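By letter and in written order, the chains are A, B, C and D; residue numbering begins at 1 in each of them.
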Amino acid sequence: MPRLAYLGPEGTFTEEALRLLDPTAERLPCANVSAALNAARAGDADGAVVPLENSIEGAITTTLDEFAWGEPLLITAELLLPVQFSLLARPGTEIPHIKRVYTHPAAITQCRAFVARELPEAVVVSAPSTAAAAQEVSLPGSPYDAAIAARIAGEHYGLVQLAADIGDRSDTVTRFVKVSRPGPLPAPTGSDRTTLVVFLADDHPGALLEMLTEFSVRGVNLTRIESRPTGDGIGRYFFHFDFEGHIADARVGEAIAGLHRICGEVRFLGSYPRADGIAPQIKRGTSDAEFAEAGDWLARIRAGQV
Amino acid sequence: MPRLAYLGPEGTFTEEALRLLDPTAERLPCANVSAALNAARAGDADGAVVPLENSIEGAITTTLDEFAWGEPLLITAELLLPVQFSLLARPGTEIPHIKRVYTHPAAITQCRAFVARELPEAVVVSAPSTAAAAQEVSLPGSPYDAAIAARIAGEHYGLVQLAADIGDRSDTVTRFVKVSRPGPLPAPTGSDRTTLVVFLADDHPGALLEMLTEFSVRGVNLTRIESRPTGDGIGRYFFHFDFEGHIADARVGEAIAGLHRICGEVRFLGSYPRADGIAPQIKRGTSDAEFAEAGDWLARIRAGQV
Amino acid sequence: MPRLAYLGPEGTFTEEALRLLDPTAERLPCANVSAALNAARAGDADGAVVPLENSIEGAITTTLDEFAWGEPLLITAELLLPVQFSLLARPGTEIPHIKRVYTHPAAITQCRAFVARELPEAVVVSAPSTAAAAQEVSLPGSPYDAAIAARIAGEHYGLVQLAADIGDRSDTVTRFVKVSRPGPLPAPTGSDRTTLVVFLADDHPGALLEMLTEFSVRGVNLTRIESRPTGDGIGRYFFHFDFEGHIADARVGEAIAGLHRICGEVRFLGSYPRADGIAPQIKRGTSDAEFAEAGDWLARIRAGQV
Amino acid sequence: MPRLAYLGPEGTFTEEALRLLDPTAERLPCANVSAALNAARAGDADGAVVPLENSIEGAITTTLDEFAWGEPLLITAELLLPVQFSLLARPGTEIPHIKRVYTHPAAITQCRAFVARELPEAVVVSAPSTAAAAQEVSLPGSPYDAAIAARIAGEHYGLVQLAADIGDRSDTVTRFVKVSRPGPLPAPTGSDRTTLVVFLADDHPGALLEMLTEFSVRGVNLTRIESRPTGDGIGRYFFHFDFEGHIADARVGEAIAGLHRICGEVRFLGSYPRADGIAPQIKRGTSDAEFAEAGDWLARIRAGQV
């Protein structure tokens, strides 16, 4: 039974993601993303589950920077989890009683309409996480009457769900990834995604265009690009790229090798099945069979067998 | 005397930036970035100063999203402010006395080495902002012995600076921008930057490459790209672009008009003098004079005057 | 009634093209392409009709070089003429009598199968033009028994058509253009072609890619590219481009102005109705209406009317 | 001693090129380019020398089309030969006696100024080749007084050189290539050129741009592009490409394999030493060493050895 570290405490959306990714895993809650990843790196866990991006909030920059700068880890799976906030309270509490609500700032932002409509008098206070809010509210002497958190946080901390799916948008999604220490890659499935971190060799005009051309010329479609500061002053960035395909695919391998040649450093973060199961459209001339045939043809020509 | 809203409370780095950008302005501290921008939008202030990005932390996403989705504002100036953290305490406190330190999480991250070396026994607690930490520490009954904050926070709240420039990196910089309600643009200076938000028309493969080509073909160099989620699910993004030049420049205007034609929506956020004073390298054929000459030539040809 | 010079003598395919392009024109046969163009330049004719390219032989390089280096002329129309060779002889000659055939080398190449099959014993001799061959054969004492030429050459010189359409390929086509001295351009028709000559400013790597990008970024599709030597040694070339659209089209004008800015010299050779009547596919964002709207939008932004 | 076919008769510039390329070879003059190439194909000769392009006249289209459509041959060497025309006559002839000059039309064009200045009264008549003109003039009863041809034509046919280097431009150059039946390629020298013929798969807009991008993304610089008609009607072309480097070079091989994948057909015509000895500028990331290192890196990543 594998042991997976995750962004805790118990009851976070990350726990929910972990349970879906690996229902039988032993769960090791950690204080923050770095701690969860370090547990995996140090061998205290077999892997970790952390959030990578949210369809409202955007990238989880701590995760991006850990992947770029920390000891290498390999993404082996991803999960898209709908974010459904619940209003949770101690048993016996009813909505009209609620004067003070405790939750994470992202939840404050995303549940603004519900709070304005249903709890117009309530004060909403920032918590370190939604699960921590639920935990706090579960204490008998808590100054807070309710928490906004994941449903499973209520289960963990013995709270009652007074209202479900209270976010302003019903389609908010967080993308989680499961990582492990470097080792054999997941096999290609035909619907894969690959993630890289790329540092420029020198930040000349057109450098980003050149990188994108390495992808496009081999028919590899980007699905995400994030720039992050290198730390060396405003105006110096590195990039996270997600794109269709598996590094075992010929077109993907050639594109990545091309980036490796022209860029300062390319860090491979993993090739893994896409959570949405979408298969890439293979552009003419970029299938594995076409790459293999072209390689054979080239070898014959080089050998003088025109 | 203009009145400028800013990310408060008094003593923030943003206040420091505002003072440098406009020493004589009346200052209106606001609870958060949105409040500061709303004060400018509503006319409670003549403008606002907010952080846009930091060389360690990256983009201030609240600012990016306010610029993209909120009522339009125009960036009229930028400032690069070195971030120098100070250890501040009530008069009489000495370093060996410090058991509990209060500061913003970004400062925790960025002053880790100093704390480990000089305050190995201290507990560090997260505050909503560095200035709020200083304010809290200034209260006689505060549970905290020291704050990590900007030097000017100490001046505001009557604290003593026990150590200066305690960040792990001495070159950390935050970029601030001054915005106002839409109106006449700052005149071109020869060393300008322009900022746009661009939404895709349809998210087809190669869309980003096409956008970058609109810039490169007119010799306009990008200085920053940030992707942000549109809110419509993982995998849907819009982009912030910073690039060299002023919208009054012919090459910049043609590039922006090109984006406007091929993209879903382009929101212009401003053309303003670069804080670093760097003038762009004008590629052959892309100066205003060359655009004007080509326009005249084209007009003659179209009129049959070969 | 206009007077048009053409590549003579009477009875050439060029005469046939001229008659189709302008049935009522007075015709002035000239000894070669340069002479025909010079007649138009000098005012001895109102214009000229000359061949530009053939679907088997390729470009007529004399025409290309005259257009590039000679006194400027404007293409105002084009015609695609199927090349149908006839076997022509003096009245009374029958196929079995034919021992010596006279024709232009291109006709020798293109009628090889017919000659091998029907005239296996005949000697085929090179003539300066197919019409000259017919003229020669029409002389009573000619050493030649038959000519291969255009049907109308037979009419001119009193020859009988012994066999029609004897080319190996029935789909051979020559493209002719009608030119005149510079003046007002033909109005756009919605199915136009534009022709340019472009000289590089400096022959750096990637120069051709940059030129093509000026077209592609505005959605202008090339239909022909020809390289020609500049005369300054092997490895130095200039280019003829044909592409969809009329210089009055916004996307075409901007692309041409872009070339003018980055290239050494751009010579405009004309915008004229396409002979095949094919209308271009207008890529999203590149219609005149979209250019106009983008121009208005840019003007408003520049004026501070965000 | 190898036997080389060439474009005859004796005394052509091609013979001069052959002698420079292979001084000891046995020479087999042929009636035209096709005959010379067929001699090599059929084994009547070990190879052939033919002209490929001229700095004034441009491409020798017969050569291009033979290379594209005929039985495959391999270019193994190239030569750049300055074209120096001589005025040649039978012994005893002096310039004032010359009334009729015989030469190839290209020579008529290229010696126009000399003839106008020195032979203002002379009639100039077209010959099939400059060497054939010299041969004709050498006959005692020839109707021509002088030929314009290569100096060696005079030697062959016993003519006297009355004037040397009489071309209008002293820098005219013809590029010749030596070809042989397919077999082992010449070894890379560090200053090589590669020649290809490329047929499009389908003639979509942007197809040429895509081909050029296959080169540019691997840092391979084109030195020549020629379009030729496919024969299937006006508007359908294929391309000859010359570019820097040898197919044994990693960057060149990958570019060619890329073209092979996306194009309809790629015919390799050879990699051979450049006549001008210019070594390519190797763009960052495109040397063989960098390709090899990237390939090793990719293999390690694919094997899970991050």
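Basically, a residue touches a chain if its C-beta (ideal position, glycine included) is under 8 Å from a C-beta of that chain, and two chains touch if they have at least 3 such contacts.
Being a predicted model, the structure only gives us computed values, none of them experimental.
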Chain copies touching (chain A, chain D) - same or different residues, decided at half shared: same
Separation of mean Cα positions, chain B and chain A [Å, integer]: 26
Gap in Å, rounded to a whole number, between the CA centres of chain D and chain B: 60
Numbers and ranges of chain C residues touching at least 2 other chains: 213
Chain-to-chain touches, reported pairwise for every pair that qualifies: A-B, A-D, B-C, C-D
In the complex with chain C, residue positions of chain D that touch it: 53-58, 61, 80, 126, 128, 169, 171-173, 175, 205-206, 208-209, 212-213, 216, 221-229, 231-237, 276, 281
Residues on chain D engaged by chain A in the complex (per definition of touch): 72, 74, 182-185, 201, 213-214, 217-218, 247-248, 253-254, 256-258, 260-263, 268, 284-286, 290-291, 294-295, 297-298, 301-306
